[in-house]
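What follows is a pair of complexes built around chain A, which joins chain B in one and chain C in the other.
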Partner chain A sequence: MQVLIDIKNLDLFYGEFQALKKVSMSIPEKAITAFIGPSGCGKSTLLRTLNRMNDMIPGTRIEGSIRVGDTDIYGSDVDVETLRKKVGMVFQQPNPFPKSIYDNVAYGPRLHGVTKKHELDEIVEKSLRSAALWDEVKDHLKRSALSISGGQQQRLCIARALAVNPDVLLMDEATSALDPISTLKIEELAQELKDRYTIVMVTHNMHQAARVSNQTVFFLNGEVIEYADTEKLFSNPTDQRTEDYISGRFG
Partner chain B sequence: MTRRTEFDQQLDAMQQLLIQMGTQVEQAIANSMRALQDVDVVLAKSIVRDDAEVNQMEERITEMGTMLIATQQPVAKDLRRILVAFKISNDLERMADLAVDIAKVVLRLEGEDLIKPLIDLPRMAEIVQVMTYESIQSFINENVDLAYKMAKDDDTVDALYSQILRELFSLMVENPKTASQGMLLSFVGRYIERIGDYATNIGENVVYLVTGKRPDLNV
Partner chain C sequence: MKPRTVDKIATGIIMAVAGFIILLLAGFLSYIIIRGFGHISFDFLTSPPQTFREGGGIGPQLFNSLFLLVLTMIITIPLGLGAGIYMSEYAKPGRLTDFIRLTVEVLSSFPSIVVGLFGLLVFVNVFEFGFSLFSGALALTVFNLPLMVRITEQGLRSVPREQKEASLALGISKWKTITSVMLPMAVPVILTGTILASGRVFGEAAALLFTAGMSSPRLDFTNWNPLDPTSPLNPFRPAETLAVHIWKINSEGVAPDAREIAAGASAVLVMTVLSFNLIARWLGRMVYRKFTSSR
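Our next item is the complex of A and B:
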């Protein structure tokens, strides 16, 4: 598998506190990579470095490098808005804009200069189809995005991220606020999307990581303890700490 | 380390039942050989009767493991422990069936004198009993070395079996009247040899439990 995201010797500090310690890993493209570990282990922090969401936290300092494709994303010439277009993100709580379903999806393309209605229509339909939401909302695209269910809102947020044609989709606990049926839909969606996108997800639900991902990374105290094929990590992990964590005997 | 109290207790209970089953099967094998040597029909009947208990234990282990998988989502070694318990209980159940087969041979020999003094069959049976005991011990203590030792013992059992067949064959050729009993005794040899194979299977499962890798010890 081709590597899309290459992280080398990454240290991240929030002020004095070191949240990531010498993290190195290669994340393959068009696959799902899951980050697992107890609260405060650094998994969300690492996910947020991938589209520089940590830039917004004062006192954050980073050493080491992250390449996404050919780009050193912490390079001085990198435009963060362009990066976030290429590396989209979906959060724990669905966060649609208080606008119509249509305008939510069209928001990104408009921001990046698409103005023609037929082009926007096409992007909106394609993105909603990709997010497995089209059939449920096609007859009321003008309805407020806040009027649909939580699970639908989360798929709308995925459609919104897909509308700007990203390479990478980051999912930060994207199903933890959803009911089991909506969760399953998002998991199935992730499986479909991985043929076209590189997905990196943080999850507290180990069984979700086991069900959905191709690779799993286990973090502890800011360090990568084990990075392996999901099948291997959940059936026969190398490190005892991984074994203790995944079998619920830790923490 | 945090314990998953409920889960760990149920795993322990399943393991205890497996150990109990192992002990019972070991006893059945020992008794079947004693019954054969003494042509003891009463003992043979008790082996046949007690087999139902072993079958129930196997079912119970399957139920317990299924429930744990359904409710506790075990992974890694916890999952292997349950999968291995399924396999070992299945192997033990088959071993007990073979002890029953030996007991049934005893029932057919009722009132007959043995055509020869039994020497190699009890030797084989003794090794196989030790293997059965060791297979359970290797599981309890997760002792991979013991599992490999059993594979070597199984080679000795196989060699003894070939020897017994040769011996019985010559006897039957010399005196065709011994053919009926000679056949039955060859079957007993075969049953004991199979018990050894099952014990070796248990050893293989212990290696899988401990290392996550599947060796082939039955070669």
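Our next item is the complex of A and C:
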């Protein structure tokens, strides 16, 4: 499989605290990679370095390199906005804008310069279809995005991210605020999307990682303990700590 | 004592204090309005004041107050928005930001008479704007700016971080995120705050005594050329506002009905400010509903 994201010797500090220690990994394209590990292990931090959302936290310092495709994303000539267009993100809490369903999806393309109504219509429909939400909302696109259910809102957020045409979709515990049925829908959606997008997901839920992902990375205290095909990691882990974690002995 | 008894006593005291405040407010309002209301008529609201004879009105003063308010807001809102956006979104925590914040706090605690004297010194004399609406508007800006900055800052901070992140994560620049997601969501807070600040401006007298002046030239309400000295729209003419007029007739009014005029003018002033408050609440709620498209 082709590698899309290549992380080498990444150290990340929040002030004095080192949140990531010498992290190296290669994330293949058009597959789902899951980050698991106990709270505070650095999995979300790593995810947020991939679209540089950590830039907003004052006192963050980074050493090492991350390449997405051909670009060193922490290089001096990198335009963060272009990067974030390529590396979309879905958050833990569904966070649609207090606008209509249509305007939520059209927001990104509009501000990136798409003005023609029929082009926007097309993008909105395509994105909502990709997010498996079209059939549920196509008759009331003008309705407030806050009026639909939490699970639908989260799929709307996925549609909103897809509307700017990314290569990578980062999902930061995107189902942890949802009920089991909505969670299942998002998992199925992720399975469909991986044919076209590279998905990296952080999850608290080991079963989810086991169900959905192709590769799993196990983190502990800012270090990568084990990185393997999901099947292998869950059935036959190499490291004792991985085995302890997945068998529920801690975390 | 039992916790329940303590709880009851505390609740009782708080209720009594709240009741006292409401009574005080109701007393003030009804006193001013009852005393002045009978004097308010269309004629009173539109005719010019009389110095010695009975039957003077407050027309020019009312107009001056409203016009001055508009002028002040034209200057204050852009400055306040700019500074507020800077303080909330761009200022990095540190000495400079702390210093700016301290300056804003100090500015907001200045007595308005001091702001008025500052205006006399700087705007009226140094910049030679004279006793004019423009000098008054600048003085009121000094007086109002801290409030406006704080309101904007508060409004932007009330926008959930998730909303901001959602926009940034789509590759939208910080500035566009501010203008297209954060400001619209902050508008209800900013709007409400601005209207409340307007109420303060409308009722302000001390800062205007030495800046906008205590006289109003003969105004020709058919002349709408802003450069003409008799035009009501000329910002460089002296202009006595309603609040200043009340102060003046109360202290040196010689017309036989000075007391009634003061009472009527006070009632008009109080009712205007009160309606600003009500409009602010209503508009804030309506805009909030519109922007969050909730019913």
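By our rule, the second predicted complex is superposed on the first by the 250 of 251 C-alpha atoms of A that agree within 3 Å, B and C clash if a C-alpha of one lies under 4 Å from a C-alpha of the other, contacts with A are read in each partner's own complex, and residues count from 1 in each chain.
Criterion: contacts are C-beta pairs under 8 Å (C-beta built on N, C-alpha and C of every residue); 3 or more make two chains touch, one makes a residue touch a chain.
The model shown is predicted, which means the values in this text are computed figures rather than measured ones.
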Overlay on chain A: chain C relative to chain B, clash or fit: fit
First, second, both or neither for A:Ser24, with chain B first and chain C second: neither
More chain A residues in contact [chain B versus chain C]: C
First (chain B), second (chain C), both or neither touched by A:Met206: first
Partner chain in contact with A:Ser247 - chain B first, chain C second, else both or neither: first
First (chain B), second (chain C), both or neither touched by A:Phe234: first
Partner chain(s) touched by A:Gln2 [first = chain B, second = chain C, both, neither]: neither
Chain B versus chain C as contact partner of A:Phe97, first or second or both or neither: second
Closest Cα approach, chain C to chain B, once both complexes are overlaid on chain A (Å): 34
Common ground on chain A, meaning residues reached by chain C in one complex and by chain B in the other: none
Touching residues on chain B, where the partner in the complex is chain A: 1-4, 7, 73-80, 212-213
Residues of chain C defined as touching chain A within the complex: 92-93, 160, 162-163, 165-173, 176, 180-181, 185, 291-294
Chain B-facing residues of chain A, complex: 206-207, 210, 234-237, 243-244, 246-251
Chain C-touching residues of chain A, taken from the complex the two chains share: 51, 53, 56, 58, 80-86, 88-89, 91, 93, 95-100, 107-108, 111-112, 143-147, 157, 160-161, 164
